[in-house]
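Chain naming follows the written order as A, B, C and D, and within any one chain the residues start at number 1.
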Amino acid sequence: MDSTLFSYLDYAVYGTAVIVMLIGFYGAMVKKSLLKIVIGLSVIDSGLNLLIVAIGYYKGGTAPIFSQGFLENFKSVSKMTDPVPQALVLTAIVIGFGVTAVALALVIRLYRHHGTLNIDEIKNLKW
Amino acid sequence: MNTIYIIFLIFLGGAVFTYFAGKIHKVLQDILFLVSILVPAYLFFANVEIGQNVNLTLGGISLSWGINYFSWLFSLIVLGLGSLAAIYAVGFMKGEKRRGYFYFNFILSIMAMTGILLSRDLVSFFVFWEIMTWSSYLITIYNGNKVQSIGIKYFVFSAIGAYAMLMAIVMVHHITGSFLIGDMIHAYPAMALSMQIWIPIMFLMAFGVKAAMMPLHVWAPGAYSNAPMAYTSVFSGALSKMGIYGMTLVLVTMVNHIPQGVWFREVLAWLGGITAVIGTLWAIQQDDAKKLLAYSSVAQLGYIITGIAIGTELAMLAGLFLAVMHALFKGTLFMVVGAIEKQTGTSNFTEVTGLIRKMPWTFLSALLAIIALAGIPPLGGFVGKWMLYESLITSNHYLLVIVIFFASTAAFLYCYKFLFGFFMGQEEKEWAHVKEAPAVMVLPMLIMALFMLVLGTFPGIILNPINHGLQALGYADSYKHLWDTSIILNSWGNKVVLQPILYSIAGIFLFFIAFLTWKGYKNTRFISTKDISSSGEVPKEDENLTFSVGFMQPFYRAVEPAMRRQIDKYYNAFADGLEATFEFLRRIYTGNGQTYAIYVIVFVVVMLLFKDFLF
Amino acid sequence: MVGTPVLFIAIPLMAAFLIPLLGMIWKELVRIVPGLVLTYLLILSINLLDHVLAHGPIVEVIAGWGPPIGINLVFSALSGFLVVLMEFLGLLVWAYSYRFKRNVDYEPALKYFLMLMMLITGSVGIVLTGDIFNMFVFIEITSISAYGLTAFYKGRNSAEASFKYVMMGSVASTFLLLAIMIIYAQLGTLNMADIANKIHLMNPTLKIVSYIFFVTALGIEAEIFPLNGWAPDAYAEAPGPVGAAFAGIVVKAAVYAIIRYTYTIFDLSGTFNFLIIIGMITLIIAETAAIRQEKLKRMLAYSSIGQMGLVMVAFGFGTEEGVFAALFLMLNHAIIKSLLFFSGSYLTYNSTDKKISEVNGMSKFLPITSLLFALGAFAIVGLPPFAGFWSKLAVMTAAADSNMILIMALVLIVSVVELVYYLRVVNRVYFYKKEADVKPKRPTVNALIVMITLGAIILLVGFYPDAVTGLLHKASAGLMDKTQYIHNVLSVR
Amino acid sequence: MEEVLYNVLGAIATFLVAFVVGMTYGGLNRKITARVQNRKGPPFYQNFIDTLKLASKKSAIHHGVMQHFGPAFLMVTSVMSLLIVPVLTHNQWFPNLNFHGDLIFLLYIMVFGPLGMALGAGQTGNPNSAIGITRGLSQMVGYEIPWVLALVALMIQYHTTSIVGLMAVQAQSGTWLMFSSPFAFIAAVMAMLGMFSYSPFDVVIAPAEIASGPASENGGKYLFTMMSSGSVFAFVKLTLYVDLFMGGADNIVILLVKTFALYMIPVLYSLTTVRYRTEQSIRWFWGWPSFFGLLAILQAVIF
């Protein structure tokens, strides 16, 4: 794998992440169904997480795990992918999960209260 | 502890205790109320030495309280009228609702006015100014929900004024690094020209609102007429003088020192003149005594503003003398209306008539106050008017003389309307039960009427302190020798000696009274007002012949074109337009969560687009 | 040393998860334990603040990893002041909510107090933390508990309000995470002091982009204008005391975060003007929206937004005076707006719509509550001699010293608008006739005590501002001194 | 004490002269009006007969204390203004009060009486009296404008506000002010038409139609006092004009000639015109008369 190809691939990863996010934004901003909006928000989160992981990735990096081999070949510390973004992503996923759960609970409440999932019809509070 | 602290503590504590004393006993409340006004007033005049300052630091700002001759003059108005009005209020508020509320705010506003006069620094000045505003506002809305918009209009205008003042204050602080008034005056001549012009303008806005100066006067008629009359006498008599006090300070200590100051003076003088005319014209038209007096207050304050804006020594004397007189006669007149309202339940000319024989003492006070208001000799109002005209003529304000004179002549119309409407005319059975107001209400009125009578002949009593005050402001003392006698003198040397006038008037009057009633008086028989000859017809008992509806119609028809345009309407239209805009603006909050989320994206995009511009 | 800052996070979190277990022992413990915890934390924070004012900031290192690698908590004069304020308000909110709704039984009460604890913890964490990702976590904790509290009441439109909040909150967290990642990608660190130290190394465009993302994300919690759509709904639909908690605690934390980013971390040139512009827009739009409100709590919410706009403006002056004024304003706003929410909830207790017209004539039935509401209204518009005046004076003085005359004029004009709508409500409370179908509810004793305490503080600060100005001056000096902050944090090993 | 007595005696003498002259002028007015209208008219001394008869009558009824006071108030004005206006120059028998007849003071004392009388009339409860008074006051506001414009013009031109001072100016220069300040004179004379409330400005009392009002509610000595006060006041006004614009008078004959000539202006003008409504007369006064007043001020400022 030569470096040019890799950089294309790199861009491809970033690009995919951005596209996923944009899809999520589209879902959240344009779709009228509450459920689709929640899905959209989740998709944004996924795209974002992908982006974060991609930032932490080096070409040919190893998993950031302390192992016997790692300790023996200390030089390879530069070859290790950055562990921090991965840790962050784990946290972000958990938080995203929590938010999605809350949102879905609210959707149920809203449906019971309004009898609809169309966000345009849920406008009792305004101005 | 310094007397000034004690005075404020008594005021504050008195206000709180008076409020809660109503829960124990009504009389206790009255007594506490009187104590918390009269005791500080006594302490003030007995113990506060002129020229002594108290310094304290609050919130990192050094404050200074003290009094000089000039503010002492105004404290005479505030605490003198305040004390009398307090006595009157005890009678007026008997059996009314919300006495604690009224007393609390009454005491606080007297405290605030005293505080304004004691303030030697801008922050405490502003603090007391605002306390004065809200306490008087709270009394203005005492009468309930009908006056809500009136109260809010008052507060909004006051707030605009006060905030303008606040801007000026912080700008001064920015320039001088100090909040002391002395420092401001000291630094003023060296300021940049724009500051030299804007700072007085902003101060004058604040003072113009309180002094009900055109075009900031629109709140005044409503507020004056809807507050309880016991307070309105202070409101119109003393509180409006705080505007005059501040205006005088600004004009004398700041505007005088710049060449552009003459424009300030001219504009203010003309605004005062126009205020006088507008106030008078509207006063003539009113059928409600309170409104009439309220507009009349606006007009009278116009004279005072003109006087102090002209700014020659004679004009200052005239303006300040009129200020004192206005406090006296307008205080009395509002008390009269209050007494009538208390006794009859209404203050409308078209309803009440023929009270002269039922409320003779009230009538006497009203008569004297009206004569003083109209500026007719021998009462004190004449002295002020005379000096005002003379100062206007001798300082070359020819057209202004005509304007003021017109207002002052037209004032006779409402003066007569007031006296006739209440006291003269047919005595109707409907009001047969009316009794004279209680002594506690009549006494303050009579005391003030007596003052007016005395001041008409011996104006030196009050001109002397005014003279001291003007010297404290740096005026020359060119009339000093006159204040011990009763001579008033203009800048050209023409003079009026007042004592012979009083004696002549009294002599002639007594002679003709004697001539008319000698012997004959006992033989004549009193007949009711129904027993008149009206074109040969004698009206029946139940016929109401009182002429009170459309009272000044002929005059009103003559000036009607001038009164079609009301500033008030423009203000209201502006406010309505503003609220409509606000109504439109708040539709941004559509209620759709998705839209809100889109706003976030739009915000980010806009920020990113303008990032080079912003950062 | 009386305690460490980490207790502010550890103890309430522990308590929050112990509450359900304790509740199994005795149901009342669900209500009592949060109060005990908050009382302890308040005492602790006061002690720490006292210590900090005497001896300089405390930097707490977590798990032994010193800065810039590990997470650290900074208890300085500024954050200490905010922590004291938050814990104090939290305690008051707890005391007020204790038996707020009599019919609320065990389970909702459990949820309520649990989420309230989380809310306070998250906010305190935002203020204390010295790590941007840690701040993200605390913001999310705060947000999620805020979503829950907003949707606390069933049967109202609370779910709608909460859903809007969730939507905007999710978008916010996206941007926050993006901004954090941009910084991390550029500088390789998450520690605030370390970022501040290295910020000049960053790509200028990315620096601006990340700043914008930060402001957007935090601006949603801080109620900056186009981002505050959730706020009126959430304030209006959440239980009354929660409104106070939002206004006094959550928003303060978010503003603190923005200010920390603006003053300490980023070295961009136009940020102060940017703060003034968005602050002004927020102020104007919010106050104009408030004047036409028909619902009391929405009005209070808009007013709260406007006040935060003013705080932004004051921070935007960029001078120590301006910071002092802004902090004073935050303090006053926290106290006064809480009082308004507390008393306002009782004025409209039994109504479903919370319409302003329903407060008519309440003064006859709820004299003390009405009086305190009026006191709060007078104080918040800045009438002397109440607390609000001094902060207004400070703001104006700071503006004048920064030569922002137009800003001064605009702020004052908007103040007039604010005055009008508050006076309208106060007049209604006192001078209108009560509507026949409105049933007033007398406040509980604890609520009354809370409100009177707040009223007393308003009067105390009004008559004796020196009580707080010294602290505020120290806090503002601390915020202004960026190098000292960096040094304090990075020197800890 | 002697001086006071002297002053009082002088005042009485002045009053008598004014009374007689005023009454005679009133009679002449009636006569002239009648002749112009092709009637015979009463003799010129008819007013004396009327007043003497009234003075000898007793009043049987009264409406209250203000009704007693009203005519006395009216008299205060007439006599006070008589005391202020110098009747003859250089004459010991018509002393003035010891201040210099200030014009502004005069303007104000002139409304004292009518207002007092209005109160007296008001207490009778007769609605027509109140109507008349409102008309009168309104009209007064009308004519005061040109009148004050004229006076202010004089004041600023000659730097004095006292009547004596203005007379001294004329004595010094030898020209009457009606020639040196013609616009002021025109404005003042036009204002005088209103002051006398003859036609077209007689809507105030509407003498021809309404047999009611103050005059019909007062009788005997009260009506006598009112009528004599009116006569004295007419004399005062004419004398004031003579003093201001025609250089005063050295002896009584010149005074009579000048005042009579002036008096003929309102009398003759009234014969040629029909009545204005109140608002019409007010607007009339604010038209040309005020314009001339402004011209007078302009002249005073420029020259």
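Everything that follows uses one rule, which is that a contact is a pair of C-beta atoms (placed from the backbone, for glycine too) under 8 Å apart; a residue touches a chain by one contact, two chains touch by 3 or more.
Remember, it's a predicted structure, so these values are computed and weren't measured experimentally.
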Interface with more contacting C-beta pairs, comparing B-D to A-C: B-D
Chain B and chain D: spacing of chain centres that average the CA atoms, whole Å: 36
Whole-Å gap separating chain A and chain C, where each centre is the average of the chain's CA atoms: 30
Chain B-chain C separation of Cα centroids, rounded to whole Å: 44
Whole-Å gap between the CA centroids of chain A and chain B: 70
Multi-partner residues of chain B (each touching 2 or more other chains): 586, 589, 591, 593-594, 597, 601
Per-residue overlap in chain C, given as positions that touch at least 2 other chains: 160, 163-164, 167, 171, 232-233, 289, 292
Chain contact topology (line, ring, star, complete or other): other
Chain D to chain B touching residues, read off their complex: 58-66, 68-69, 71-73, 75-76, 79-80, 83, 97-100, 102, 104-105, 108-109, 111-112, 115, 118-119, 122-128, 130-131, 133-135, 137-138, 140-142, 144-145, 148-149, 152-153, 155-156, 159-162, 165, 210-212, 216-217, 220-222, 225, 277-279, 282-283, 286, 297, 300-301
In the complex, chain C residues that touch chain A: 133, 137, 140, 143-144, 147-148, 151, 154-155, 157, 159-164, 166-167, 169-171, 173-174, 177-178, 180-181, 184-185, 190, 232-233, 236-237, 289, 292-293
Chain B-facing residues of chain A, complex: 25, 28-29, 32, 37, 119-120, 122-127
Contact set on chain A toward chain C in their complex: 21, 28, 34, 37, 41, 44-45, 48, 51-52, 55, 84-85, 88, 91-92, 95-96, 98-99, 102-103, 106-107, 109-110, 113-114, 122, 124-125, 127
Interface residues, chain B side, partner chain C - complex: 57-60, 123, 126-128, 130-131, 133-134, 137, 141, 144-145, 148, 151-152, 155-156, 159-160, 163-164, 166-167, 169-171, 173-174, 579, 581-583, 585-586, 588-589, 591, 593-597, 599-604, 607-608, 611, 614-615
